[in-house]
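For reference, the structure is listed below as structure tokens.
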Amino acid sequence: MVEVWFFYFFAAIAVVASLGVILLRNPVAAAMLLVVTLCALAAEYVLLGAEFSAAIQVLVYAGAIVILFTFVIMMLNLGQEEVGQLAGFSKWALLLFMLGGAGVILIQRLSMGALPPGVPGGAASDNTYEVGMALFTKYLWPFELASLLILLALIASVVIARKPTFPSRDA
Amino acid sequence: MIWMVLLFPLLGALLNGFLLPRRSKLLSHGVAVAAVAGAFACACCVFLEFFATRHSHLYFGFNWLQAGKFTAPFELVVDQLSGLMILIITGIGTLIHIYAGGYMKEEVTTYRFFAYLNLFVFMMLLLVLGNNLLVMFVGWEGVGLCSYLLIGYWFQEEANAKAGMKAFLVNRIGDIGFLIGIFLTYKHFGTVSFSELSSWMNLMPTLAEPYPKALFWITLSFFIGACGKSAQLPLYVWLPDAMAGPTPVSALIHAATMVTAGIFMMTRLSFFFYAAPDTMLIVACVGALTALFAATIALVQTDIKKVLAYSTVSQLGYMVLACGVGAFDAGVFHLLTHACFKALLFLGAGSVIFAMHHEQDMRRMGGLRKHLPITHGVMLVGVLAIIGVPGFSGFFSKDEILWKAFIFPTYGPILWGIGFLAAGCTAFYMVRLLCLTFYGTPYQDKSAHHHHHPHETPWYMWGPLVVLALLSIGVGYLGVPDFLAHLVGGHNLFAHYLEGLIYIPASAQGAWGHLHAEHAHELEWGLMLSSVALVTLAAGTAVFCYTNRPVRGVASFLGGHFPRLHQLLLDKYRVDECYQRKIVTPLAEISTFLWQVVDVRVINGCVNWVGYLLMGTSGIASFRMTGSLHRYGFWVLAGTVCVLIISCF
Amino acid sequence: MLLLWIHSHIATLTIFTPLLVAALVVLCPSLWVAKWLALLGAGACFLESVHMWHYFVPGSGLQFTEMHAWLPQWGIQYFVGVDGISLLLIMLSTFLTCLLLIGAWNFEGKGQKTFFALLLFLESGMLGALMAFDLVFFYVCWEVMLIPMYFIIGVWGGKNRIYATTKFILYTAFGSLLMLVAAISLYLLYKKEFGVYSTNVLDLYRLSGLPAASQFWLFCAFALAFAIKIPLWPFHTWLPHAHTEAPTTGSVILAGVMLKMGTYGLLRFAIPLFPAVFLDFAPVLSVLGVIGIIYGALVAWQQPDAKKMVAYSSVSHLGFVVVGSCAVLHSMISPEALTGAVYQMINHGVSTGMLFFLVGVLYDRRHTRLLDDFGGLARPMPWFAVLLIIATLGSVGLPGTGGFVGEFLILLGTFQSNPAIAILASLGVLLGAVYMLTLCRKILFGPVTHKENESLQDVSWREALVLAPLAVLVIAMGVQPGFFLDRVRPSIDHLAKTYSEYRLERVELPPLGCCKGGCSNGCEE
Amino acid sequence: MSAMVPIEHSLILAFLLFFIGAAGVLIRRNLITVLMSIELMLNSANLLFVAASRQVGNVEGQVMMSFVILIAACEAAIGLAMVIAIFRRYGNIKTEFLRALRG
């Protein structure tokens, strides 16, 4: 039962923090709250018996990606007024209506028992080994391709972010 | 041997056109003359070989064109007609080539001239030697091409280029007639080979439908072709303009050989023409009218070459008239004599022009007899030959034609009358030409610059003229009409020679019985004497009008009493202007209309309109395309949710 | 061993050599090497096609075939082969591409490497479309051809190039999309009729027995696609723009080969697949063809721009091809006219290609194509004049040039089936002379009116290397048509004959699925 | 490990996170916040993968999750690079300025 309560606890943290991400005007604060969300999710992964996922969640997401965001925010040195404004377009009512409608449907679907039953023995908690095996045997090709993709992304980001050699339109 | 006849001129053309160095005029002239002379030698051999047996020979070259059931081999035939023609072409061609070397002395690009000229000889030989309509057509259009190139030889003058183009295009109208004739022939007979067609027609005792009607259309189509090439009435307009070319070209192409291709072709297809009497009547009428029509124009022209050009049209009219009345042999005989004396006249005129430094207006000549004695002599022979003075070649051939026209059952005397009048005109304008040029007082140049004394041309220019003059007298005796020949116990050698070739198909014998019927010789004598009388009268009038008294000529007479008629004749009946106004200009307007309005506005407009319509529609449909990512994202999400909701029910 | 392997894969090799070389050309760092590589590739491709020409056995149908499953579950194959109708066009494409590369050797402007690669890519597309005997592969190649052409016109074209290329692409794609719909429908019909999926053209020919009503729309879609490509009047308006704006090379390849794809498609697909509707439509197509002949000639006459004039002359000349393909006599296409049509395709490619080259020669020197800017060029440029006159003669169909053979046979065959059409079409022969000679006269003859023209360079060696073979070809095709036609004739006769056999059978048998078993001997003659 | 969290609960959490992320994408004008919201949406997908992996009893969900993280990293890198490029070009990173798609 403890796990269930922990689950709800971290879920609440994730929801509140993520709301903060989208609502706070200060981008640095938003980024920090994103870290909180991600860590809360990592905790959820542990609770779901996916230690490996939890680890890379913290390492890659919280450790790398968010840092990247923070760097960019700092590098561009954006003021709050510039950054934090809400979009002129907002249809909160409609959006909430949709959200509500979708939630209702979702719950209806869940109550219909459409999901497959859980596999009791499948929840072995120490499955990092199996993840590794799967990654390097069955998913070897996608894995290698993914590494290529990373490389491309690296080059692409360098190319894109490089100082333009052409005169900009405003100049 | 026959292949050598063709090969020589072709080789000459290629050498001069592409291979030889272009600097040396002597070299290009030498090569060109050698090529034609070689061809002439070979042609003599071929002819003698043929003459020994009098059997026509077929020479198969290669399978040229084959598609479906249609075949057109590259096949040559040597028979009475083509044997004669190759002699004329290469013989007169050689003389003219020799002459041209002198005439074109001042030119820079003589290699071009001689290449074209040799190519022309090649094409003309192809025309006469081909054993099927298609090979003939190759030559037919080939000579047209050479004529185009040679008329436009001095291409820096816009007018010359235009004249060349006009010649090509008017010829092309005729060529379309020729083509349609080929199509019809193939449709009805399944072959285009002369020998096969001839034997088919020969063996058919009677012609059932649809052949008579088909033959009418076939012959009419071919006649349109002949009209184009032989400058007959509606299509003659190119020939006078063609005088823009160098004079040797006018002599060779526009007098002696190419323009007679129509007569040659009709003679080749005489078996068709005999079987289509309706066409024959049209042919005869067109020929007679052309003869008179052109002769009247020639009466008042002042350009020496223009006079000769209209005279050529007129003489061609005689030949066509001969074909039309069924006297193909007389037509071909006139072709032969005309080739000699008209080439002579043109070359003589060329010598005059050469001596006068490219002056062609006869009003600025006169009294040249002293300066150009040889030219005067040969020109005199030529004029006597063309006007039909007894003893000269034109007399025999023209008289034969007039006689045959007279005995033609339909409108025979009328046709004769027209031809008779034309003969009178011919005598008048030719003597006028002679008087204005050689007699009377020399023209006093009132302008400041000094006028050089004209000099007699060098030997290699007058030499060919003398040969041609001898021929103009001599060849006439080959075709002395029967009634005259009987006086010395002979017969018409020329008609006899052609007998094997020109025959009336069995199915058409009835219509042409008069050709073999016996006629009273008195009538023949009468006609002959009357034309001699007319010629004498006309020539005398001309001498009277023009010697020493150029102002009192027919021009001033007509100009004084009938100014409008005179102007009409001077303007050549304004046919060119009429064509320009009624055909060319409207066509150009239609063309511009089609381009500017139909193509750009209507058709392209429709296409673009579809594009604009789509763009407009998309403009309406894209009003939600604000470019705002938020809105796009919102609608994507909303759509997704909607799909989800719908999928739940 | 290698030779044997080459021989057995010659069709595939011919199609893909240029593509491969195109890739290498793009990657090649040195322009000089890239140019020679491109030329060598095109040369190799030409040699391969010569190989096919040499080993082609007349009269034994489809040859050099190669068939592989491509998408087997859908019955789609990679199936290529060569028969008489495509053989000459293949030769023409490979030959012209070689010449084009030489012609564009000292190309002014950027991106020559890309340009060469695109040309080779285009060659691959054309060869693929010519050799494809699978409808899907054909369609792929058909559309692939558009891509390089789009860039060739759009990047290296004249002032108005974007409009021209967009129009070209949209117009052509519009037609070919309709064709795609028809092809899919044909595919489904085949499944319905025979129970299996197939896009093999030879299989699909068995559908020719379907009743006319069900073929009607299919034929219309196919014919429209081809008519736009040909271009048949009144679908021609993309052509003048595309030609005028395209660089010389683009115009040559467009006129030389791409337009023939339309008529080729007509002969390969529209006619044998839907003989019944074709019979009903043949008069309509011939009338459109004749209108195109006369209209194209008249419009060409008044053009002030030399290139536009030649472009409109293409409308006129391809009208002849359409008329020749549609000369139906006694429910049979006249083999004479069909031969003429095939020959005219080649001849038009050669003579019009040459004309475009020549206009390009002038444009390179003067950067104008307006006829009024020239005149009297025969004096400063005598060899140019010779070549232009030869090209003109080929174009007006003077006997002794290839144009005559093509036009003559077309008119001869058409005359047997419909004299009125043939007579009107022969007016096109006359009008052709009118505008071509006008072109010649305005460029070559008369006095030199512009000072710049006095000192124009005559044809250079490189240009002569391109033009002389074409000039020789123009004349050789007229003097020795047998050399070109002997290999082609059996295929053409076969096409004409199968068509007539089909017609005979259709009368005797119930309408549906009657052509399953091929023809019995009784049908012959 | 005795009592499993029902997968429905994970689903609801993922649903909430996804919509919060989506809302972020829609309502913020700042490109960086938009990118962070996208990360939220990706994370909700990850959560689903992991939960499903546990439910079904094999590790493929986790494998997928690691791929998704990888994609997310790429996306973030390129996205942020574009943000920088956009900033250089327009001088700010407000989304209203990116209207090239306007029809």
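Letters A, B, C and D mark the chains as written, and numbering starts fresh at 1 in each.
Quick note on the criterion: a residue touches a chain if its C-beta (ideal position, glycine included) is under 8 Å from a C-beta of that chain, and two chains touch if they have at least 3 such contacts.
Everything quoted here is computed from the prediction, not taken from an experiment.
K.L.:
For the interfaces B-D and A-D, which has the higher count of C-beta pairs in contact?
P.N.:
By the number of C-beta pairs in contact, the winner is A-D.
K.L.:
Please identify the chain lying most centrally, where each chain is represented by the average of its Cα atoms.
P.N.:
Central chain: C.
K.L.:
Between subunit B and subunit D, what is the gap in Å from one C-alpha centre to the other?
P.N.:
90
K.L.:
What whole-Å value do you get for the distance between subunit C and subunit D if each is reduced to the mean of its CA atoms?
P.N.:
Chain centroid spacing, subunit C to subunit D, equals 54 Å.
K.L.:
Would you kindly tell me how far, in whole Å, the mean C-alpha position of subunit D lies from that of subunit A?
P.N.:
One centre to the other, that is 5 Å.
K.L.:
Between subunit A and subunit C, what's the gap in Å when you average each chain's C-alpha atoms?
P.N.:
About 58 Å separates the centre of subunit A from that of subunit C.
K.L.:
Give the residues of subunit D touching no fewer than two other chains, as numbers and ranges.
P.N.:
Only 26-27, 29, 95-96 qualify.
K.L.:
Send over the residues of subunit A in touch with two or more other chains.
P.N.:
Expected reply: 87, 89, 95, 102.
K.L.:
What residues in subunit B touch two or more of the other chains?
P.N.:
Residues 628, 630, 634, 637.
K.L.:
Identify every two-chain combination in which the chains touch.
P.N.:
Here the touching pairs of chains are A-B, A-D, B-C, B-D.
K.L.:
Would you mind writing out the residues of subunit B in touch with subunit C in their complex?
P.N.:
Listed in rising order, the residues of subunit B that touch subunit C are 17, 62-70, 109, 134, 137-138, 140-142, 145, 148-149, 152, 155-158, 160-162, 165, 168-169, 172-173, 175-176, 179-180, 182-184, 186-187, 587-588, 590-592, 594-595, 598-599, 603-604, 607, 611.
K.L.:
Quick check: in the complex, which residue numbers of subunit D touch subunit B?
P.N.:
Where subunit D meets subunit B, its residues are 22, 25-27, 29, 95-96, 98-103.
K.L.:
Looking at the complex, which residues from subunit C come into contact with subunit B?
P.N.:
167, 170-171, 234, 236-238, 240, 295, 298-299, 301-303, 334-336, 338-340, 376, 378-379, 382, 386, 389, 393, 398-400, 404-405, 408-409, 411-413, 415-416, 419, 422-423, 426-427, 429-430, 433-434, 437-438, 441, 444-448, 479-482, 485, 489, 492-493, 496
K.L.:
Which stretch or stretches of subunit A touch subunit B in the complex?
P.N.:
Residue list for subunit A touching subunit B: 87, 89, 91, 94-95, 98, 101-102, 105, 108-109.
K.L.:
Considering only the defined contacts, which subunit A positions touch subunit D in the complex?
P.N.:
Those in contact with subunit D are residues 1, 3-4, 7-8, 11, 14-15, 18-19, 21-22, 27, 30-31, 34, 37-38, 41, 44-45, 47-50, 52-53, 56-57, 60-61, 64-65, 68-69, 72-73, 75-76, 78, 82-90, 95, 99, 102-103, 106-107, 110, 115-116, 118-119, 121-123, 125, 127, 130-131, 134-135, 139, 142, 146, 149-150, 152-154, 156-158, 160-161, 163-164, 168-170.
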